[in-house]
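First chain A sits with chain B, and in the next complex the same chain sits with chain C.
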Partner chain A sequence: MSDSRGDGIAAGAASTDGDSTEGKSADPTEGKSGNSTETESADAPTDREHRREVATDRWVGIAGAALALVGLGVLVRQPSLVLAGAVGVGYGVYARTGEAPTPTLAVTRSVSDESPAPGDEVRVTVRAENVGGTALPDLRLVDGVPPGLAVVDGPARVATALRPGTAVTFEYAVRAARGDHDWEPLTAITRDAAGARERTSALDAPTAIACTPELSAGGDLPLRGLTTLHHGRVPTDVGGAGVEFHATREYRRGDPLKRIDWNRRARTGELSTVELREERSATVVLLVDSRDSAYVAADPDAETAVEASVAAAGQAFSALLDGGDRVGIAALSPLDCWLPPGSGTVHAARGRETLATDPALAPTPSDDRFYRSLWLRRFRRRLPADAQVLFFTPLVDDTAATLARRIDAHGHLVTVLSPDPTTSETVGQRLATFERRQRLRTLRSAGIRAVEWGDDSFPVAVAAATRRWSR
Partner chain B sequence: MSGGQGGDGATGEAAREEATGETAREEATGDDAGVAAAGDDVPVDDFHETDARPPTVAVVASLAAAGVAATAALVASPVGGALLGAAALAFLGGSLRNSTRVLTWGAAVGVVGLAVAGYRGAPAEALLVAVVGLTVAWNVADHGVGLGEQVGRGARVRRNVAVHGGASLLVGAVAAGLVYGVSLAVGGGQPVAALALLLAGGIALISALR
Partner chain C sequence: MLAVAVGLLAALDRGVASVISPASVVVTLLGVLGVVQGVRYANARRDRKRLPTDPGEPERRAPAAVPGAELDDRIARVASPAPGGYRDRRDLRDRTREVAVAAVARDRNCSRGAAATAVDDGTWTTDPVAAAFFHKRAGYPLRVRLSAALRGRSNYWYGVRAAIDEIERIEEGEP
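Let's turn to the complex of A and B:
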């Protein structure tokens, strides 16, 4: 039968016929290890919010059909038809007598891991016990799985019937994704035995998991030439102390002896000084496009461009921080997200936290509206004058490209890093691919560096792109 | 935007169509046992939570009840039996297409089948079995479509369907037993109009009590 898989999942229910109820004494979470957590005690009924009660109109017409049979029976003088019609009338009465029961349930939800790593499967066990006095002949439970988590095993739903004192347990698995996730209320739908009336309620059993990815350092990320005055690792066009040759100039009094070009002195008799390329640190702001339109993916199960951007931003963040640059984080999003550029271990922890759990970078889009000019004004006010911007965007609309050019025009050198969410199966998809490529071309011709990466990883793409770049 | 979501819709639709086609083929070729087996190999690889088809157990129970009804009517009248068979097919089709409208049409055809069987002089016992069978079949199939919409095919529903189908079978059995007992008690020789008037009296009494 179709529900055999569900039975296999619900190992906790442990009943031999594989069906859903169990005695009051059996506790499904008993055998589990200490890391599973109960959300609330079992016996108090869970807070219930009434949503709606409707007639399902399933039985409309039964009385008419029954009386038609009776009438026909009278006309053709067949008593058996009258009897059959009488049974139909009996069903009509049955359909009219019930009232959708109010579910009084104690709901507990436990998760196998409250702080999983991204990609881990988290098993969720939901137990609902009928602690009210009435039997629930038809109860359907739909768990409020957080929108950012995908159910990967066993539907988060069950349909059963509960006598007072019995409980139903169902189990499913979600794949953990980056961010804080709160479960929404469990939806309980009850019907009377005939199914003529239906009542929907929401049962609030709060559960939350927090999934914070480790930041892995990506490869060396070349920055553009806008730097601070502090010593660092970005080579500049300023001559001074360093390791790489930059230029020679006339000797001035006070130049260190070891920087004098003795070969030239021997050849021509003139004193000259070798200038080396100064290496300075930069201030970088990682800007992640997380507007509604950036939540795109090549196929329904793939990670969205925002996820790819955030992962790449995480790699860039730790790589730049390790290189001694000051790094900040901002989101191109209706919600406000701003981590001012900084350095040090505390800042690294803060950045990891921001990338993992900031609502503006959540795995699902926010409902608010995005106002471009307001956002740009605020962003420019916050951006330090010597900051350059690494802009992570899938470039699926013109707004992102325009913003990149405007920020660049204001003197903050922009590098666009673009995860490629396009595919080429249909004509529309090919058109979108073409438009995006055109945007990239426009950006490059405007002097903005752009890297795109698709299937290959972010560091590989950066390494491949950097070979073409001049300083 | 276009790139991602275009692929989204297209792939999802194709996958769904393929799945439906497959099930339809399997269930159309198999008898009851075959249908039951088909439900077991739900594709686990590409798991999608929202498989809105009715659960197999409901479809099978509905077909079984419809089969009983058709057999009972066939004993009395081939035409009536054939119409009830058509109703059973409509229940299967409605379940596969998630359509309560098809189910309602099936039930209507079944009622016509009952009328024809009764008109051809089917015995009361056979007709009572047929009417209870038809009602249970429609009820379980319709319930299954509702379950498919709300909890999906993959969820655990056996107990729910059993309670719902059992309750409707019980109600039918009690009603049939009652009217059959009454008709025996008042004696077979009474005119049909007297039975109908008795029923009308019963209905009036019930509506007054409510």
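Let's turn to the complex of A and C:
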């Protein structure tokens, strides 16, 4: 970032008020020549929090250099050297007299769309007006872009100088991603004219966007045989009405004629009734691992395993609701997240909202601490007795595997669905890959179904696993 | 010191004192003092640690952790031949051993106990470096020791890499 000197100069993707090329100027002089400035404003100053005030040490040593020059001039009896040293002394005094001004700014931030779809570009415009009585000869503004969003166009910062009553506007674009995103305070760094002292302040201008993805059903997820008494699509070991043959039994008075095994009647003369495998609905809880350790990816800039898990959970949620099952959502997180199992249109909307914006499933991890025993106790208390669990976890630590086994042991059949965030470029990464594979094997050997997906999409991985399980 | 020496000389020898002009001496001494002190002050800039405000990179999305990055940090810490890092070494060895035992048990279709014995006594592999990583008494081969000494690495660093290579070979089902 370049220094700028003189009122009304804006550097970077910015302009002072009135500039028709707003957001496009990269030349400091362009802003100076083409901009008009506001001279009056009724804006109230934005709340300011002082963060730090330090000496920049830009002029450290200037007094020594001046003294050395004066000394040398005296030594060799050269008045010009003494004069040059005196100039240096002047700079030294100049550097010590100034104070970094306190920025009294009215900051407004606007976004082009407060409810974008994932992947949309959202333009953000920030305007800061100097509503104080002091000129800001060196002002740098750095916007507090939410950590879950990436800037795709323009820097989210500007360097400028503002006289009282003037304003600067800068613009950038972010790529929308799932979740609620709150902007953090804008950082203002001011320096005195000599640049010797620097003051950092935070200016809070609340702004937020909410990005809620549409849910699309993906993959016909095979559920395990823990069901409710209601009719559904999960085959059971109970004989009754259905489509798949289950058994034959003695005829009882009142059995429908179409269920009588007429072939057997012809062969043996006995009446018997064919029973079909009854299909019932299930109660399913989608459990998403969103502990700090689950925010991992094969590349630092790639989508995290939590994002992959939430996307897959969304597909499973839709598919299961469409199949007549009762579905709930929970998060393995320090923050509480629980949507009780249910069905219907309203429940579908609630589920979509939970997966998109619940703080426990935020795009960045919570700072709170996770207590495994407390979480498990609360989860078990809430879990209906007939509920099975689809557990979305990258399995990058033993805790997730242990919890899956414990929940399964308590009678809630567990299916682990694991996005693969591992890579094998370094020794440590290879060891982490082996450990994860071992956890998957251990779960499978304990009778817990496990599906993992990496480059494949979630529905493709589910379809492959379904074929494997049905053999 | 110089001023004191010249003063003493002038006190002892009147001839010297008559040659030296008091005004000239004082000005020269002031000049020397100014140069010396000035250079000293100016040099202070070199040693000063400047801590400019770092607003970070808000344009970049919060980077995700890569599984195993923390293990790589530990491995880098124990790569030096200097003693220390005992906890890191023990933890890394334990975790690598767990994976090695599971891989051997699966590969040889034997119990975990038998696999653990094979790993501990070094018979799980034909690579002497990987074997030495878990074997309590077997030393690293001479070539590894020499290479470690020349490259300023620890034997441990060579051992953990060889063990991971060997586990990968077993995982991939290579002979």
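We adopt the following convention: the second predicted complex is superposed on the first by the 427 of 471 C-alpha atoms of A that agree within 3 Å, B and C clash if a C-alpha of one lies under 4 Å from a C-alpha of the other, contacts with A are read in each partner's own complex, and residues count from 1 in each chain.
Convention: a residue touches a chain if its C-beta (ideal position, glycine included) is under 8 Å from a C-beta of that chain, and two chains touch if they have at least 3 such contacts.
Because the structure is a prediction, the values reported are computed rather than measured.
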Partner chain(s) touched by A:147 [first = chain B, second = chain C, both, neither]: second
Partner chain in contact with A:86 - chain B first, chain C second, else both or neither: first
Which superposed partner A:463 touches (first chain B, second chain C, both, neither): neither
Contacts of A:437 with chain B and chain C, given as first, second, both or neither: second
Contacts of A:74 with chain B and chain C, given as first, second, both or neither: both
Touching partner for A:202 - first (chain B), second (chain C), both, neither: neither
Chain B versus chain C as contact partner of A:335, first or second or both or neither: neither
Which of chain B and chain C A:271 touches, first, second, both or neither: neither
Touching partner for A:157 - first (chain B), second (chain C), both, neither: both
Doubly contacted chain A residues - partners chain C and chain B: 56, 61, 65, 68-74, 76, 140, 142, 151, 155-157, 189, 296-300, 304, 396, 421-423, 426, 428-429, 431-433, 436
Sites on chain A touched by chain C in the complex: 52, 54, 56-57, 60-61, 63-76, 140, 142-145, 147-151, 155-157, 172, 177, 184, 187, 189, 198, 200, 295-304, 363-364, 394, 396, 421-423, 426-438, 441
Parts of chain B lying in touch with chain A, wherever the complex brings them together: 1-8, 10-12, 36, 39-40, 42, 44, 47, 49, 55-57, 60, 104, 107-108, 111, 114-115, 118-119, 121-124, 127-128, 130-132, 135, 139, 142-143, 146-147, 150-161, 163-164, 167-168, 171-172, 174-176, 178-180, 183, 188, 190-193, 195-196, 199, 202-203, 206, 210
Chain B partner contacts - residues on chain A that touch it in the complex: 1-7, 10, 18-21, 56, 58, 61-62, 65, 68-74, 76-91, 93-94, 96-97, 137-142, 151-161, 170, 189, 193-195, 293, 296-300, 304-305, 396-397, 421-423, 425-426, 428-429, 431-433, 436
Complex interface listing, chain C residues touching chain A: 27-28, 30-45, 48, 50-53, 55-56, 58-75, 95-96, 98-99, 102-103, 106, 160-161, 164, 167-168, 171
